């Protein structure tokens, strides 16, 4: 697949009308997300697609674009959720301060984990990220006075959003969806800026040929650490969204099986595409919903589908689709 | 602090470490030879425990379970290699990882369907019940057995690798698979055997661990993290590394549990972080592929 | 550009018990094209790796423009003015030809900017195109690098090294795997390049080397065997002995 340089480049290769439209990937994505509650069978599903889409988008930055297969993204997803819940529930911080604080703290966590794990490469990196994320899980399990331990974090509910003089009843599902969509839009805009930036080119170069990137003059280790932190920050925002949505944070959020689910979503949707994370999240969640209607053992099907995807469709649904349509092949 | 208490805890740690060593060994041998890290390793450990339990109750004897479970599950491992993993050679190094990860979901849920989600106790074999007077105190017989058995397995493995023709092929193949093919060795068979061995060792670990922890479908996930920590500390691909790291981790966990039980599990991750900061390829690892 | 650009003092490299290089002392003046030749295993690639920072010498010192380079991490070498191309093609396969070179150019100016749109950094785009033009690849700028022919990829190799406008350009077997016609094109390119900067070339093809270089250095078993003008080297009995039986290759 190709390097997503500026939108103008994309426009020159795809048919002009379509191309110009696809330029505005952030706006397009927001438009699709705005319609989601009507496109999907249930409201709850739509909210989850938003939340997990943002988490997977952050992960895609690390895995899809930089090529670092981490198995520990759950640590940042969970951190965002827990920090938000603790700030609101325990310290009475209003939501609009809790969220930035949570993202900031999660980014610090990402820095700590990143410093250790980016010293490794390849398979070690995958193993180490899994292990360090499990460490976070065990710490959360033990620190039960803060986190609620096995029972999860409770006792914080945001029922009203006060912003610029308007009061929105957050408990209303439609309101909740669009408030959370605003978060998602912010995350998407941030991600798009990163991908279009000089740094965005650096991470792709690292993915393509780490050794040459270093020889060209890039501090590869530092760049990996930075993208690790950015990825953690974006995924943690997804965690904040989850906390606001559920008013509980289950401990399982930090387990590596959640990390695995994130990996599956990115693969289902197609790594290294802008909207792929949302497609992947939607696919996974719909699958889970549908299959668990007739069996509680949907994990077997998830596992099987995952195995089949690895074997036969490594580019995922969205990626294969883009490929077939010939979008974004050669570019000036 | 009472010295004899510390020594007993040390011994406990060695028993714990012995299981870690056997499990990590399976992982590291497969990586050394095939370049593949099996993310279903924990699940296969768990299946080994269940298989051991099931066979023991079927035949009425723990010993049959101990013998047959690793063989059967090892054979299952060979099937996995042949049908699934083999298709991925030549593709991205991430692919076997992802595939085995997906596989673990299938395996864990499969066990839940057959055996249910609740933990099942694994009875200690009657011959090994009780404690032995080791001079400074009483130590569970079963744990002494585990230490002894793992030592024997290590010895057999070492002898095979160093002294037999098969071992020579394995060692040479790990360095240069192409040469092996040129020399007429059926590399496919070697891979099959090694993967089967790796899985068999995981299953053995599961059976041995059974009487020490309860058997439940979730036990594999902790084991996977433990196996990863031990192999990363020891150095992927290094057998010596797996042994040293396994014992180190087991003893550390055991000693920390004396003073601060909540911190016990966490300490192994801290150890890993420290090793990575100082020596990213692991204690006995080689720079290059992984760090 | 005058004077001494690069000086190697007693450079040695051991890998465990194996001595790849020993006692390499030489200096390179600015503005010349020097070829480094020697049979396989002579240590040429190791020497290049040390000069470009990919390996640290186990003994000896390296001076560039008067400044000692010990302990400098690899990614800082290009910032000093030393750039290198590889014997085995080492490009960014899934990026376009243009992006391959542009990202190399970018490394010298900005790395961690996550905000600006890089399409606006027109100077980098222009420099990339200029480098591609210099190696004759401008027409292919929109193609993915992995789809280029072998000879085109070798040219891209050089463009990537070139775009940083290095004072010292290290080219590791630029004609590796090329047939006679492609080699002739490459030689013409090298002549153009040598006009404007200091070039160090590792090559196997003797005729090419002798025709192109102002100076030839011969390595053998990790040591300096001979050093001088092409004519001197050609008639050097030691060199002839070492190369006896070696084919002259295309040139």
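We call the chains A, B and C, going by the order they appear; numbering starts again at 1 in every chain.
Keep this in mind: a residue touches a chain if its C-beta (ideal position, glycine included) is under 8 Å from a C-beta of that chain, and two chains touch if they have at least 3 such contacts.
Here the structure is a predicted model, which means the values were calculated and not measured.
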Label of the chain whose CA centroid is most distant from the centroid of chain A: C
Innermost chain, taking as reference the mean of every protein Cα atom displayed: A
Whole-Å gap between the CA centroids of chain A and chain C: 42
Chain A and chain B: spacing of chain centres that average the CA atoms, whole Å: 33
Where chain B and chain C are represented by their mean Cα positions, the distance between them in whole Å: 48
Multi-partner residues of chain B (each touching 2 or more other chains): none
Multi-chain contact sites of chain C, meaning residues that touch two or more partners: none
Contact footprint of chain A on chain C as seen in their complex: 52, 54, 73-79, 84, 86, 90-96, 98-99, 102-104, 106-108, 110-119, 121, 141-144, 160, 164
Of all residues in chain A, those that touch chain B in their complex: 69, 71, 115-117, 119-128, 130-132, 134-135, 138-139, 142, 255-257, 260, 263-264, 267, 297, 299-300, 302-307, 310-311, 314
Footprint of chain C on chain A - complex, ascending: 1-3, 5-6, 8-9, 193-194, 196-202, 204-205, 208-209, 211-220, 222-223, 226, 230, 329-332
Contact set on chain B toward chain A in their complex: 31, 37, 84, 87-88, 91-95, 97-99, 101-110, 112-113, 221, 224-225, 228-229, 231-232, 236, 262-263, 265-266, 269-270, 272-273, 276-277, 280-281, 289-291
